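Listed next: structures, encoded as structure tokens.
Below, subunit A partners subunit B and then partners subunit C, in two separate complexes.
Coming up: the complex of A and B.
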């Protein structure tokens, strides 16, 4: 028995040596890289562009870029990783930054450790930190969710304000301006989903806070930033300056139809804002409003995602090489996706290129990407932890009662904190 | 002696062939039905973070009672069950009775029209409802134009109205389906019974309550249990009515559309993946369905 095992071992060794020799001989890389991603208007075409660039130098490498819904990518990853069968997994998957730690901690050993393979100092600081677990860095940083305040200059001017009046303002000031805009133009200040936590996360991160503290403990009740954010949500609900929307398409329609004066969200929305050609030249971008508390800055983030290589993928090294060459080295590529898709990468060397400082006619000649690049550097780095969605659900379960005035903000946060602690106990 | 022996071996070989024929089905049943049932029972005694799993015994079941999210999901599901199912079944009964009346013209057309929603895809119709019930959607537009309401109803933006919308959607989709069951049963009720009732002076309403309903009792029980199971497993509609929130994690405003099945989904795919606890919630659903079905049998079933 032992003898047979030994023979098998020898054979395997020989085979490995032989194959590595042949590999060394044919330096040309080959294989098919399978990639799971979402958003046919953003991530998919960007990945196709990257693939095209890579195949120019490595003609024997082919790509299979699978276009799925975001929820489907997440669900398929969970099912395949939990089953322990690696055959159904892709070589590279796109994972949202809020979810990164969840995957890394839930499926240890499933993602390739890239600590010494990617030069992380070339990327925005906060990106690398959110994909670090126990000193090892996983994933290749991709797009930024740096946020901004997009506004219609025509509506703002009609209300008697100038562009300077929107620079570095607080949310209180934002509501005040909104009331005038509503009064003078009849337009709502912003399309807003009172059941969506996106803007709440923008508010919190601008103050360097999250639903959890640095150690990952629940921090809802004694969190000034969150308390202030809930207060502003309630103010929005009461003010009558918002156009209530439900879901993505209604929200996009609100600003594409010219129903609202502003949009506050991540830079990835640029493509959708520009989709309304009729309003070209009437838009500008200002810094994100900040919370009226100590330590809050006029810069924040919403969303953003990164590429992860699966540890057990057949083409792991090839996939890493591909990401390294394009996403961590090709400045030209970043310029191309910026002009084509409005994609702001987190690769710092690309941000000094000419495209980033070009004037955009759609935004009244403003150098928007220069502004966004500046704000990226000011985003407070925080630890999202692993329970962002649990926290979001806990808070927004109590928000309707806050809006109707049934319970105080204090009580609501207490209730949410109890619920959240119970949810994540084990 | 000899004869007995041969017949014995004949039966044996017959049995063997019998087992051979059913074995394939049994194996498939075992692998795809019994194994998952047993394995999920084991899973429900563990708590997991993805593949990091630990044995916790029955503490998952104890956790259910303290989990306010689970209790909220249970409450929501029971509200849908207690309000939607009776409305739907009663409507279906009335429609079936009316459409069974031979004096009505175009019966075939109306039957088809009422049944058609039952063949539409769950997701397609939910998305249509979502569009129709949006703040500046079709329904509000009509209601505003005929001056029934002064300001638009926040159908999908308010916890109460979101539940109303889901109940309307479910009723639209499933009433015709139940109606068909009642229609087929009604055709087996003899005309003579109604004729006798008419001679005795019973009007249509009395006939409905004293003849139609008692004679349809077995079918009402059947549809009630089917609807109970359907409601307890409600997933597609709440998921799609609420989906598309730009970055939201709640199901409907204030989690007002969170049902038990959606909670199971969230536990697996939206939150930190805890397949163990998700299995526990699934078992809770099974227990609740069993309990409700027993109660319905006791209340409506024959005493014999």
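Coming up: the complex of A and C.
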């Protein structure tokens, strides 16, 4: 009898405790959100800023923002997801856009479906489409890699051109200008790594194409945009207008040293361009050159990444609420990270704010962020597929033979396509 | 004749000097980079600048450098101690109590040297999670202390140790642990020093496994921190170089401090036979 009473007492107590816990939760959110991210000068301080803003309204929520290398975040995610144990996973992880589909398709059910939780119409169109799988949208869009043509006004003017001459040009025109620049100033038009696919990806996306078609099938051989891009790469190699660089540091050194007249890349390079204070006031930004084919526009993208919530995380709903409140709702936050870190978000409502339309003395008073915001909206939306980097590697394994003229572009693409299909078994 | 000799000499010295430059230059550049700003490093400046203090300040204020160094030190010290004790005992056992069955077991253990770590990673990771040792230093140390290479290395050196001494000690009534700790270890000092250096370096430089096991910034090691610093739209090369210099110092100190023993230990087994 006593035993039974005791059990009843315990059950009642448990019920009371449980209900009081639920009550506390509904009144005030609490928990620790763990986030894996990279870049101690960019994503990490930006996330810390976001966390600070969220904890102002939700003082019981704490954050554990882990600073890892990009490759390390990827490695850790793969190990954790492949091992099937969820204990080691964070609540939120940063994933590079090119790799998003790889994670979504390789580990189905591992990421939270945010389709009806985030208002995607507030974000740049291309961003939401790359995180969509079978009609469901995962992830919260973050920074943009919207590309631009950064150029040195002094070199361009010395070569007899005006700023208008660089607006909305094609790559063919770019090479033509490059030849004059080389002739008149002795400077190379662009620092260029002949073994790097960055600009090739910029070229393809400006035409709304990729290494893969909409369904994710390999699309190298019959890809007009890729064919044209390879042609321009070869023209770069032949024309002598480029300063050949090898790897990131040499490429940055080329424009920091004033050896080249232009840089074509994502907006995130602004920090590195501005790091060379001696060239302040000599830079401007024009729209990205486009390919000379139908449907190509003067806007593209290179890189960029987004936040993903893990489906089985302990604080999933809290994490979603956090991302929703800050990354999909706080315009002031986007102004702050643009001022402090030069981070261009893909949240459209923020782009009409005051900070985005401020003039930048470094760029001769140009309202660079207004221009970039305009280009963001024009970036063609495409499906990056699962194997962007594998395709990149396949293309660049045949490029040396293209440069030397050993094989034609068609043959090279055919070879690369076979190699890629072999590798990914598709 | 004499002239011929000196030309040879000069060639040898030229060769040695060029090799010296090739091996020392990266260290020079590392130290020079520590004194310059990121832009200067990128521009390829090779001379010393005056940014050392600001690089060090940035490093210690932006990152929890002291804690991270202590983490690395703690993990390394415990791993080295554990490895030395466990692996040398294993080698001692294999050598002193040799039997055909034990030789087979030994061969199987040696075979594990051939298995790449990548293949073991996921099962090992599951194990660590199940044992609730994820994100703990003890989980990292426990999985690192049994090193097949060190067992092999100890056994090779132990072969030089005269078995008669062990027998004599037994006759005098010493137990096995007494023999091991009072006779064996003291006379094998240089072997232990060599193993300690090897184990110190591999533990201090360990990257992949700590990356998988450690989850938070608080638990991080120096290698993980340096790796995370370089992954950026705008890497702070000056600060990174400073961190690398600091991370290299312990290795240099340990290596040069024990260098004498290291060479002795590596040669030991062949010379004494």
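Assume the second predicted complex is superposed on the first by the 400 of 426 C-alpha atoms of A that agree within 3 Å, B and C clash if a C-alpha of one lies under 4 Å from a C-alpha of the other, contacts with A are read in each partner's own complex, and residues count from 1 in each chain.
Everything that follows uses one rule, which is that contacts are C-beta pairs under 8 Å (C-beta built on N, C-alpha and C of every residue); 3 or more make two chains touch, one makes a residue touch a chain.
Nothing here was measured: the structure is a model prediction, and the numbers come from that model.
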Superposition on subunit A - do subunit B and subunit C clash or fit: fit
First (subunit B), second (subunit C), both or neither touched by A:201: first
First (subunit B), second (subunit C), both or neither touched by A:212: neither
Partner chain(s) touched by A:126 [first = subunit B, second = subunit C, both, neither]: neither
Touched partner set for A:249, first subunit B, second subunit C, both or neither: both
First (subunit B), second (subunit C), both or neither touched by A:82: both
If touched residues of subunit A are counted for subunit B and for subunit C, the larger one: B
Contacts of A:419 with subunit B and subunit C, given as first, second, both or neither: first
Subunit B, subunit C and vertex subunit A (Cα centres) - angle in steps of 10°: 30
Partner chain in contact with A:71 - subunit B first, subunit C second, else both or neither: both
Where subunit B and subunit C come nearest after superposition, their Cα distance in Å: 5
Subunit B and subunit C contact sites that coincide on subunit A, given as residue numbers: 71, 75, 82, 84, 249
Subunit C - residues contacting subunit A, complex: 38-39, 41-44, 62-63, 121-122, 125-126, 129-130, 134-135, 208, 211-212, 215-217, 224-225, 227-237
Residue ranges of subunit B in contact with subunit A within the complex: 47, 49-52, 56, 59, 63, 66-69, 72, 130, 134-135, 154, 156-159, 243-250, 252-256, 266, 268-275, 277
Subunit A residues touching subunit C - in the complex, by the definition given at the top: 34, 38-42, 64-72, 75-76, 79-80, 82-85, 87-88, 90, 249, 252-253, 256-257, 268-269, 271-272, 275-276
Touch list for subunit A against partner subunit B, complex: 71, 74-75, 78, 81-82, 84, 102-103, 105-108, 110, 193-198, 201, 244-251, 265, 302-303, 386-387, 389-390, 392-394, 396-401, 418-419, 422-426
